[in-house]
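For reference, the structure is listed below as structure tokens.
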Amino acid sequence: MPFIPHTEADVAEMLAAIGAESIDDLFDEIPPELRAKGLDGIPAGLSEMDVTRLLQGRARADGQPLCFIGAGAYEHHIPAAVWQITTRGEFYSAYTPYQAEASQGTLQVLYEFQSMMTGLTGMDVSNASLYDGASALAEAVLMAVRANRKSKSKRVLIPKSLHPSYRRTARGLVGNQGIELVEVDFDPATGQTPVAQYEAAAADGECAALVVPQPNFFGALEDVDAVTDWAHERNMLAIGVVNPVAMALLSPPGDWGETGADIACGEGQPLGMPLASGGPYLGFLTCKQDFVRQLPGRIAGKTLDADGKVGYTLTLQAREQHIRRSKATSNICTNQGLLVTAATIHMAIVGAEGLERVAASCHANTRRLTELLCEIPGVEPLFDAPVFHEQALRLPAPTDKLLRALAAQDILGGFDLGAEYPELDPAVLVCATEMRTEEDMVAFRDKLAAVLSDE
Amino acid sequence: MLIQEQSRHGRTATAQAPLEMADVSDLPAGLRRKQRAALPEVSELQAVRHYTRLSQQNFAIDTHFYPLGSCTMKYNPRACNSLASLPGFLARHPAAPESHSQGIMACLHELQDMLKIVTGMHAVSLAPAAGAQGELAGVMMIRAYHDARGDHERREILVPDAAHGTNPASAIMAGFQVREIPTGSNGDVDIAALRDAVGPQTAGIMLTNPSTVGVFDRNIQAIAETVHEAGGLLYYDGANLNAILGKVRPGDMGFDVIHMNLHKTFSTPHGGGGPGAGPVGVSKRLEPYLPVPLVVKDGDDYHWQVEHDRPESIGRMTAFGGNMGILLRAYIYARLLGAEGMRRVSEYATLNANYLLARLKDAGFTAAYPERRASHEFIVTLKREAKEYGTNAMDFAKRLLDYGFHAPTTYFPLLVPECLLVEPTESEPKEALDGFVDAMTKIRAEAQENPDTLKQAPYSLPVRRLDDVRAARQLDLAWRPERVED
Amino acid sequence: MPFIPHTEADVAEMLAAIGAESIDDLFDEIPPELRAKGLDGIPAGLSEMDVTRLLQGRARADGQPLCFIGAGAYEHHIPAAVWQITTRGEFYSAYTPYQAEASQGTLQVLYEFQSMMTGLTGMDVSNASLYDGASALAEAVLMAVRANRKSKSKRVLIPKSLHPSYRRTARGLVGNQGIELVEVDFDPATGQTPVAQYEAAAADGECAALVVPQPNFFGALEDVDAVTDWAHERNMLAIGVVNPVAMALLSPPGDWGETGADIACGEGQPLGMPLASGGPYLGFLTCKQDFVRQLPGRIAGKTLDADGKVGYTLTLQAREQHIRRSKATSNICTNQGLLVTAATIHMAIVGAEGLERVAASCHANTRRLTELLCEIPGVEPLFDAPVFHEQALRLPAPTDKLLRALAAQDILGGFDLGAEYPELDPAVLVCATEMRTEEDMVAFRDKLAAVLSDE
Amino acid sequence: MLIQEQSRHGRTATAQAPLEMADVSDLPAGLRRKQRAALPEVSELQAVRHYTRLSQQNFAIDTHFYPLGSCTMKYNPRACNSLASLPGFLARHPAAPESHSQGIMACLHELQDMLKIVTGMHAVSLAPAAGAQGELAGVMMIRAYHDARGDHERREILVPDAAHGTNPASAIMAGFQVREIPTGSNGDVDIAALRDAVGPQTAGIMLTNPSTVGVFDRNIQAIAETVHEAGGLLYYDGANLNAILGKVRPGDMGFDVIHMNLHKTFSTPHGGGGPGAGPVGVSKRLEPYLPVPLVVKDGDDYHWQVEHDRPESIGRMTAFGGNMGILLRAYIYARLLGAEGMRRVSEYATLNANYLLARLKDAGFTAAYPERRASHEFIVTLKREAKEYGTNAMDFAKRLLDYGFHAPTTYFPLLVPECLLVEPTESEPKEALDGFVDAMTKIRAEAQENPDTLKQAPYSLPVRRLDDVRAARQLDLAWRPERVED
């Protein structure tokens, strides 16, 4: 039987040891009227060969179009070593390192990951992952409200230039606890959210924290120093939402303003995770040392063993649900361990210099793509601001029609901004990572031009 | 040694990034990083060697019997990994149009359907990223339901004292208060206490059945009736679904909402602590509130349903709709098993648990609920050993590691003293179970002879017993670079 | 630098320790006039990302046609676990287990492999692999000539129904040692090589051994018992060349005739190796206990350590080139270790029963394919004999034209028999493994019929 | 425990084969197997766990510094594995038509060209399946050359006493006699002895340069002249090509034929003992004899050349033309390195060897050729330690394992007593070399203090020192099933 090792002789011996007549007897405490009659509708099992054929067909069906969508998920090169090691059985099929002595591999990886994330964000401490960037933001908001000793407010300022799905996810996850996310408008000329906008949004009353993305959803670079300082002046905590690859080039949250952001979070996908339709990715959450006891999620710490040898263990478990239950900082239990492993190996192999070159290449490619697309009459930058790695473009025709026509030619021509920001329609958000070649970009331009001339 | 400690300034694995540094002078200088990020600078071989060797320091299903209770550490078929990693699946952008997504959407839709069937629920959403997020989605739907009916007073969630810690924590995140219900000495929920607890404030109850004490609550129908009559809903914590797959369905027991931990019952990798996937199933009345996205089928075509298609939805749990790669693995596993394979899962998981329990009882260990059938897991209490030899459950656990077994879950559920929660799973052969009994027997003999043998354990692992107190008191959560002069 | 960890500081320190000025100085014993001026024509290095793009394009270019060619290399299902474990660094990047204590993983695998191959072939001992089936046959021939104590002859009978490439390879590899391979004709009606044919070929003089394939190249089943017994009556050794998957169903060489074949060899590719354009595969070689000291290649043996614990080590090294040099049984050094690992894991997972079902399915599929193709007028079995897993078919039109037309529609319609056996032209050798579905086979029939009707 | 010992009758991993047993009643009963083959019957988890754990018992490049001399144990880039394993490459049948082979043929053709350039040879065939087969192909071509000229008396191949054992063994397989040439005390071939040895019987000489004693033979031009003048050809054993990649070319030294071990210089995996690939390169006069197949380019199209295209070819070395998957890996590696990367290989391999030698000399160890530059490897002789402490080279080797280092090659070449042949390779960091020196120094101190510490080593591995004599005397080469009654 697939995945079940029992021989008939085994079953007979085991039932005898139990003192039962049949396996069915073992279910005799279930009220008979509840016993499921069958699993009608579940197909019969397939051999691995047949499942392979089925899945290969499905995977092939989705093609491999040339992708110019970024919008929070990025197609980067992943060194072959990353997943070959990550999927080693010892990482792949272990669980949360509850028995630290039998889990030093995973635990040291977590500690190294935490070290890398603090290095990248310039913050003091990091947890060992949350589900994704959006849920990490939700946890950051909850944490900020809990942690702000200077304010009892449950209001948090969140700019509309932040990823729409992040805003929606965060709203859903924090709303039931009475926390209000107050939206802050962006400057329609630049796509940025300057201090003045935060000020306007905060006019209604005290806030516990604000969120500042870098870069923001439009790729525009925010004046993070000014916003952070303004937050601190108002006794708010500043929460940075950052792209970790961008951090190779951009000032990290720990360096923002006079004293740095208080919390930084984001999506770890660009650190070695394939696009994979949206997950599994990994959320990261880092903060200042002061707030460590408010940090949700697993945390690995360094300690010593009985012989004085260095080892690693999960620590500060008193924050967690399995100890603290209803008083925990979060309900999170299983997080994204395997992705943490991949990200750690990825960062180790690529290194700081490699990450810089990746970031620079993405930025230069997107700049080049912008140049090429703007050769087409009616295509132009939507905003006037420095950008990183994403570009919002105004289009001369309805976006969805253009994108559909491009998709029919296996080009994913960007993210339809009008779908989320009707006031910006028709507009598209494009991105070309280091994976796109000049040839790819020229093909995009040519096909877009052709589609437009067919209009 | 940490990878950071192997770093040398100027060492790079340059094959792994574009060979040239592109011009980024258009980035405003004031927004640029002042000092290079403190990431390790090592060669590719150093990284490969370091993480290969680190991996060898783990116990895992692929290396050891790992009977961690409540975690369902069964074999993760390697085919699930390779097929979910087909290039077409890995390359798909989450915002790719439906025209380029029919293949994966077919898998997801079929998975939704299969999960409906095995749970007996009316509709399923695959969105939650893990079990705890599924729980949160579940109680959020309960809240949305009561709120939609204007029933705003229902702010209390009942939780048995044996429940997973995530249950009360999730209820709190959804804005509820939590009230604990005691477990009776026979392992079933104390029905009288439950009757006393329900009332107009009752939003619902969160329950797992079989429960975390490893028995099937025989009064489940009475519980359902009690809560439903009081106007509350029933939430099923699917952590223990492996025990009943194809045998009894939460929907038939009267549950209104359920989450499933796919990394347990559907054998997706535990990954050293995730990723999981925590789909939720609901009865008809909760369907409008399901988290998005959902996959629907229209003729031969699959479509996404998102917020604007489902205005009453509690919304999305993650930015991009869930842990697709994990869902794919679960789908593949389900197709490999088929209906008959699913039934076998619960049958052999239960056989293994009852056999192991019987052998341990024969060997003189104390079952927490000796009169009950084990479900797919069971509890042994070592309170007698603690009293007689001064060795506690953790000492047994650590010593088991020396014998080549991962320890069962210790000290959970909290209501049983010195407990080991043991879940062998269906994929372990009888020989592994017999080996475990032998080890436990030898360890007890060691405890009797010289308790210190246990208290100093483990001996044969990469580290001896670690000082958890020191870890928490002298917090060291990240390596810090020594600042070098540039 | 890719794959080189040296920092500039390292280089300086190291040169200082050596007492050299520059790395170039380390080459100062090479006569200056010999120093290579450059590597003109070698392109500049590429990043892993660029190489990935290049290779993906090349792999895609070759398509994935529907394959009905067997002819010695078979497309079988390979469990996903096989190569995920085989490519673990500890197997992949280790070498020949010269330090046995640090190589117990590889050594135990070799011992298990040897045990499985003796189980499958019914022989007493197995070596730990040779390069491939054809070179294994060459070694088997050399070994037989050395081992036959009853004959000094250097002639070996080899039937023309044996794989043409095996015959050619063996001839090339043994010819320089004065060994003559005497070809034996097959019965044109059956494609088999009965004893009478061997007898006719042996009429010229004494022979040391004969070769008997099961099944033979045409898929036809030979009367192995009779041929083996006849060989033994004439003081020849009998060398079986067998398909290891077929061995799940067919009588193994160890059981042939009264006393069994003396040597059995073959191609291990069907045991978990992808087609991969022809290699790396693995040759296996097994024999009776008596001949173990004539067996070439690595052999692992069981032994005890200083504490009396069981362990494994390379043994009988006195046969080998690194000890025995010009007196060795063969020049082989590096063999096919990684493939042995894959084959061992493959056989462990599939098991005897699984292998039986694979073999049965291949056989039934080829039978069904024959049925389907023979519905086409002019297509009919070439021989009248029981076959296994391959079928020779007569065609009503020139083979190469038909195969080309089919290939243009991504069907590889079999092996052109006329290219190797002009007397059989036009004819094709087809095979449908368990990987081919009814749908695949019907498509083949329909396209062949269409191509023929276009003639 | 062997996998066979975990077998239980009736246990199967049925997902891994067709689910049904097809009808095979048409197979003649007399030709059917009487008893099921003795293969293990285990579950997929058992197999995965068994082989995962077995793998952990190996030292490998990915886990340890592995300075095995003459084997070039350098980092095998993981990308080579994943790209050579692209589905399009794995699925291609060896008899697929050229129309469906242009992608891989392009890779092979470019590899042929690159190998020509790095060796300075006129033409290259990729056919031989490993180094030793490349040697055999090489000497077969030498024989074919002389035979074609009617020069049938040339039946002797000269081989230095330091040569790899494969050299004389290959020469014998090609039907030659072998005559040994001594190595001078400075490590170079004894030129006078060579001059005495050559004559009308001389078919050629097999040489590696740098030689197996780890030095570059400075008289190579004189050697070439001597052999050529006598009418013989020069064969270059490419085992040590890593030392000179991009620095000096065998073709320029006067060699007529060369094989290359791609698993050494081009870093394809050693795989626990293969697969290798042993392409051969030749000068113009030997080109007609190259083994088939070859890839040729005609306009934009690639074609195979096989026996009937090349009537003078020595033929094919394996049934299907070579270890394509290994050739692909080498091609990928070559493209990753490029010209500058290839030059760096020999530079840093030589730097590492000379540094390690210098440090070991400083630490008091004896170099076999103290006045010479090391090539990419070098020899330390422990004859002094053997005399003074009674510990031999093997004792040092075994004790090194306890210190976490794979041992260098021991007792080869045979002419240096108690020798360790040490090849660190370019991919090891300085720290690894320093660690090796520390370990050697400590081991010598142990030898001085208590030689038994070494003689009993290793202590920390899965087994203690193994009894090789017992293995050879009480031959046990295969597990045998106990016959069970059916």
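Per-chain residue numbering starts at 1, and chain names A, B, C and D are given in the order in which the chains are listed.
Here is the rule we go by: contacts are C-beta pairs under 8 Å (C-beta built on N, C-alpha and C of every residue); 3 or more make two chains touch, one makes a residue touch a chain.
Each chain and its UniProt protein: A, C = Probable glycine dehydrogenase (decarboxylating) subunit 1; B, D = Probable glycine dehydrogenase (decarboxylating) subunit 2.
All of these numbers come straight from a predicted model, not from anything done at the bench.
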Chain pair equivalent in interface to A-B, over half of contacts matched, among B-C, A-D or C-D: C-D
Pair sharing more residue contacts (C-beta pairs) when C-D is set against B-C: C-D
Mean-CA-position distance for subunit C and subunit A (Å): 48
Rounded Å distance, subunit C centre to subunit D centre (Cα mean): 20
Cα-centroid distance, subunit B relative to subunit C, in whole angstrom: 46
Per-residue overlap in subunit D, given as positions that touch at least 2 other chains: 8, 11-19, 42-46, 48, 52, 56, 61-64, 74-75, 77-79, 81, 83, 336, 427-429
Junction residues of subunit C - those touching two or more other chains: 1-6, 10, 45-49, 52, 77, 79-81, 84-85, 87-90, 434
For the subunit A and subunit D complex, residues of the former touching the latter: 1-10, 45-49, 79-81, 84-85, 89-90
Footprint of subunit C on subunit B - complex, ascending: 8-19, 42-46, 48, 52, 77-79, 81-83
Interface residues, subunit D side, partner subunit B - complex: 6, 8, 11, 15, 43-46, 48-49, 52-53, 56, 61-64, 74-75, 77-79, 336, 427-429, 431
Sites on subunit A touched by subunit C in the complex: 47-49, 52-53, 77, 79-80, 84-85, 87-89, 434-435, 437
